[in-house]
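Shared chain: subunit A. Partners: subunit B in the first complex, subunit C in the second.
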Partner chain A sequence: MVKIKKTGLNEFIEFLINDYDVYSPADVGKKIAYKKIHSAFEIRHDITNTHLSPKDIFFPQSEVLFQYSEDGMKVPEKNEKPIAVWGMRNCDTSSLLMLNKVFGDAHQMPDKDMYKDPYWKMKYDNCLIFNQACNEPLSTCFCNWFDGNPFAKKGADVFVVDTGDHFILEGISDKGKVFLTEYKTGEKVTKDDEEKIAELKKTAESYLPDVVNTKPLFAKMNKIWDEPIWEELSAKCINCGACTFVCPTCHCFDVSDEGKGKKGKRIRLWDSCMFQLFTREASGHNPRGLSTQRVRQRIMHKYNYFMDNYEQYLCTGCGRCVQVCPVNLDIREVIKQVLDYKLVKNEDK
Partner chain B sequence: MQQLVEQVKKLIKDKEVDVVIGWGKGSLSLSATPIFVETEEDAEKLIFDETCRNNLTTYLTKDKRRISKEYKKIGIVVKGCDSRSVVLYTVENQIKRENVVLIGVPCNGVFEKKKLSQLVGGKEILDLQIDGESIIIKGRNFEQTHSLKDVLCDSCLTCQYPDAPEHDYFIGTPRKDVKVPDAYKMIDNFGKKSAEERWAYIKEEYSKCIRCYACRNVCPSCYCPECFVDQNDPQWIGKTPEVTDSIIFHLIRNLHIAGRCVDCGACVSACPVDLDLRIMSKKVEKEIKERFDYTAGTDINEKPAMASYCENEKQDFIMG
Partner chain C sequence: MCNCENTYIPILMKVEKILIDNPDRSLRTYDLSFVNEEDRKKFTYMPGQFCEFSILGKGESPFGIASSPTEEGILKFTVSRTGSVTNEIHYLQEGDIVGIRGPMGNWYPLEKLKGQDVVIIGGGFAFTTLRSMIVYMLENRDDYGKITVIYGARNPDLFIYKDELKEWDKRDDVILHLTVDKPIKGWNKLCGFVPTITKDVKPDPTSWCIVCGPPIMIKFTLPVLLEIGFAHDKIYTSLERRMKCGIGKCGRCGIGSKYVCIDGPVFSYEELKNIPDAF
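Our next item is the complex of A and B:
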């Protein structure tokens, strides 16, 4: 373990910047989001969690896949330095593991490289995640519904705890351990520090909501697709894409060509199942033309389809969608309503 | 708001409406949530306070849901701005006024989440209490008192129609004459800056847009069955969150709502990245007011500014 005085953090960040492009929570407009930083002074430590998720670092909202001109085609090259992210909470670290199953692993056909996304792998494969313990979960947090914990280390390369005056760093993955051996500070982690960490963990956990057992959600959802519950659940949704864009796990995208004359580019863009255009077919037919159908899609994808494909739910309980929804359509209530719902049509199936 | 509950119960009992769209308590301390009341029992859930930000009339026009398909008569609880939206829908032939029952409530202004959050340095707010002209904001480890005026939506601070001018029933006591500061001061001040400064501000501001279209979707005036940004043949606009594309979206949206924006502030509240959306909409509103002496949603017998023509209108913008 490595102990760094907060006032000396910049030294560490500079050390990191030597080998990595470093991202951290920082001011972006009036909000806090992940941004590439050049010194530790840009980091916002005083936050609970960022308003926007870090998925943008590895899966940008708009990403050029290739450019073309008369001289041929140009594919973006790998950055010189790999990416390091400082200050990521475990809800977000876990979300990257989920996205990696989709983009990085070709999960269902792991031996087929052709289904692995080079743009994702180029950024994610060598990255170094400094997963910071979440000392103060918000009232909108519900990571504990999905086996999460504010002090979880899953997916972390280095686990960081903010103990007030210091950061305590613990190598988790091989890559993280190796990195930490290279950094020397004079400070030693003491028994007091360890007690402090245990205490912080206890306090953080006390802020979490009562656990809801989400295990039965998958089976329930298998029977619920054509039940009348969706009209009720979706009634107030106005079909904007705010929830999907702030979500660390939503990953649907669109591909758009922007060209003029003999040159142009192909771009991959975040899309949202909340939008009508998302499923409109060339014929004009839209299989998900109604708001209800689109809301059902989003909820089913998170708590059923993804489980079917990847054996886990596509939600980390970060609560960002709860915070931004303009009509307060709270996904926690949706989960509870689905769990409590008494099947009307498919009782015996 | 027992009076509101009783009124709605009566409307449902007398079968004057099939549903009443109102606000219920939300899951977060700062937000009420839209509810659809069909039974007398459900009417008990209705509330009206400073957390009731949404302009519920937006549910009347959009592809939405069961609304207007199954329901013949819809009741809506309206604030001043919301009632203006109903006037707008009527003059634009989107609804028949007689099919909607408006229950007006006297509005003292609604909270702006962003202002509240800024006041407490981004800390999470868990409870709010109004005490006369001040507000007590409570969080996990803090309690602060601020002036109520500092946490209300900008639109509310310059609102001249707090009493739902268009209504069938009115709950409570109207505020009547309200003194408001000059609504266009912020536009005038912005206009005094140099073109470079203004452009720099707009560019900086709108480069943060994530194109989630929450502003458009909550907007009661944005009800096109198919928005121009959703057309892909021809494609009118680039889909990236690059500032050039985002600005085009916001500029066109603002021109589309010229003379139609009721300044309810729903877009501002909905924006997940806190864009200064009123800097554009208020400017357009002022232009319309000066050129056509028209204020959206205030006169149910007047044709919309952009759908009528008078010979004596200023036309100096056509030829220099």
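Our next item is the complex of A and C:
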């Protein structure tokens, strides 16, 4: 473990910038989101959850797949430096592990390279994640419903705790440990510091809501596909898609071409299962033409389909969708309602 | 880029031949050849698989491969003019260069069908991968038992691969039932919707059955097959959905926890019966 004085953080960040493109929570317009930084002074420490999730670093809202011209197709060049992210909370670090199952491991098709996403892999595979403990979880946080914890270290390369005047850094992965041994200017961590961390963890946990056991969700969802509950749950949704854009685990995208004549580029862009056009076929046929069907798709994908494919839920309890929903469709309430729901049609299943 | 293959980059194909399949020119069949020899060698596929057909500047659309792997050196696609990409495909001229990505998805269970009687039921221009399948089976004729084909179209003009249908009709090792929706002057074959004709033909339920057509046809043909007594794991169908990536990531072709692009497009009825609203 290494201890860094907050006033000396810039030195550390500069050390990091030597080898990495460094991203951290920073001001982006009126919001706080992850941004490439050039000094520690750009970092916003006073946040718990950024308004936008860090998925944008590895899976940008829009990304050029290739450019085409009469000379052929050209793939964008790889960045020289790997990516490091400072200040990521564990809900977000966990979300990257989930996305990596989709884009990186190609878990469903392990033996085939064609199912691995090169654009994701080139950014994620060599990245260094500084996962910062969450000292004051928000009222919208519910990571503890999904085995999360404000002080969890899962997926972190380096675990960081803000103890007031200092940051305490603990190497978690081999990559993280090696990096910390290379940084020689840190102070030693004392027993007092460790006690302080334990105390902060306790305080942080006291902010969390009562745990809801989400384990039975999967089995319950297997039975409710055609139950009337969906009309009720989706009644107020206006299909704006905000939840899917701020969600750190939503990964649906569109591919479209921009250009004129023989010159242009093929781009992928975030898309949303909340939009009617998402599934509408050229013939006019639309398998998810109704709002109810689309809300069901989103909820089922998170708490049933993903579990079926990857043995975990596609939600980390970050609470961003709760914050942004314009009609206050609170996913925590949805979960509770599903768990409490008394089956009407499929009692015997 | 990482060392893995970049699936998003199309390979280049040359339009060798264009066949206009029907009088209103809404259906055209394209024979494409590989521009690069390397790509040709690497591209191996089976009947039932599909490709993303790419027109740079317009986008991509998925189409079933209508050629059979036994027809070396070309890939065949039949395209109905429906949306912006298919519109652009219809503007193509022989000699033009296009892109494809694939082969994608799974294929018809040709291994399991060896030594078995096979019933093929198709409707409209969804006959593409069924053509691939039939050509493949005829090329390896001794591997398969009795082959029965039921193929329906709204009217005689809307059948695709008309020349081949004529040839198959002449063969004594294929039983071909062609049907149109309504009686029409000059049509001396069957009349009626595919489910009705299937009921009349009453194929042997110990055989294997492949159904491919518009969702409404599949929906009404499956109960007929079940009534005749086909086993759930011997009925196969091919589904379609709007697609983008073709590799199970972009999220739009999901049916339940399956993705049509990687878990399909070929599914057995056994698999599908537990997935709501699959067709």
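Note that the second predicted complex is superposed on the first by the 348 of 349 C-alpha atoms of A that agree within 3 Å, B and C clash if a C-alpha of one lies under 4 Å from a C-alpha of the other, contacts with A are read in each partner's own complex, and residues count from 1 in each chain.
Here, a contact is a pair of C-beta atoms (placed from the backbone, for glycine too) under 8 Å apart; a residue touches a chain by one contact, two chains touch by 3 or more.
Remember, it's a predicted structure, so these values are computed and weren't measured experimentally.
Peer 1: Quick one: subunit B and subunit C on subunit A, clash or fit?
Peer 2: Subunit B and subunit C fit side by side in the superposed model.
Peer 1: Rounded to a multiple of 10, tell me what angle the C-alpha centres of subunit B and subunit C make at the one for subunit A, in degrees.
Peer 2: 90
Peer 1: Just checking: does A:136 make contact with subunit B only, subunit C only, both, or neither of them? Give me first, second, both or neither.
Peer 2: After superposition on chain A, A:136 lies in contact with subunit B alone.
Peer 1: For A:51, decide between first (touching subunit B), second (touching subunit C), both and neither.
Peer 2: After superposing on A, A:51 lies in contact with subunit B but is clear of subunit C.
Peer 1: Name the contact category of A:256: first (subunit B only), second (subunit C only), both, or neither.
Peer 2: Both: A:256 reaches subunit B and subunit C.
Peer 1: Regarding the shared-chain residue A:333, is it in contact with subunit B (first), subunit C (second), both, or neither?
Peer 2: first
Peer 1: Tell me the contact category for A:27 with respect to subunit B and subunit C: first, second, both or neither.
Peer 2: So A:27 meets neither subunit B nor subunit C here.
Peer 1: Report for A:19: first if it touches subunit B alone, second if subunit C alone, otherwise both or neither.
Peer 2: A:19 sits against neither subunit B nor subunit C.
Peer 1: Is A:199 touching the first partner subunit B, the second partner subunit C, both, or neither of them?
Peer 2: neither
Peer 1: Would you give the minimum C-alpha distance from subunit B to subunit C, in Å, for the three-chain superposition?
Peer 2: Least C-alpha distance: 5 Å.
Peer 1: Counting contacts the way the document defines them, which residues of subunit A are shared by the two interfaces, the one with subunit B and the one with subunit C?
Peer 2: On subunit A, the overlap between the subunit B and subunit C contacts is residues 254, 256.
Peer 1: What part of subunit A is in contact with subunit C in the complex they form?
Peer 2: 65-66, 68, 73, 75, 78, 102-103, 106, 108-109, 113-119, 121-122, 125, 225-226, 251-257, 259-262, 264, 266, 268, 271, 273, 278-283, 285, 287, 297, 300-301, 304-306, 308-309
Peer 1: Taking the complex as given, what residues does subunit B use to touch subunit A?
Peer 2: 26-28, 31-36, 54, 58-59, 62-66, 114, 118, 121-124, 126, 140, 204-205, 208, 210-214, 216-218, 226, 230, 232, 238-242, 266, 269-270, 272-275
Peer 1: Could you pull out which subunit A residues touch subunit B in their complex?
Peer 2: 28-32, 46-48, 51-52, 61-62, 136, 138-140, 207, 231, 234-236, 238-242, 244-246, 254, 256, 258, 267, 269, 272, 275-277, 289-292, 322-324, 326-330, 332-333
Peer 1: Over in the complex, which subunit C residues touch subunit A? Could you list them?
Peer 2: Residues of subunit C touching subunit A: 1-2, 4-10, 56-61, 82-83, 85-86, 215, 240-242, 244-245, 247-252, 254-257, 262-263, 276-277.
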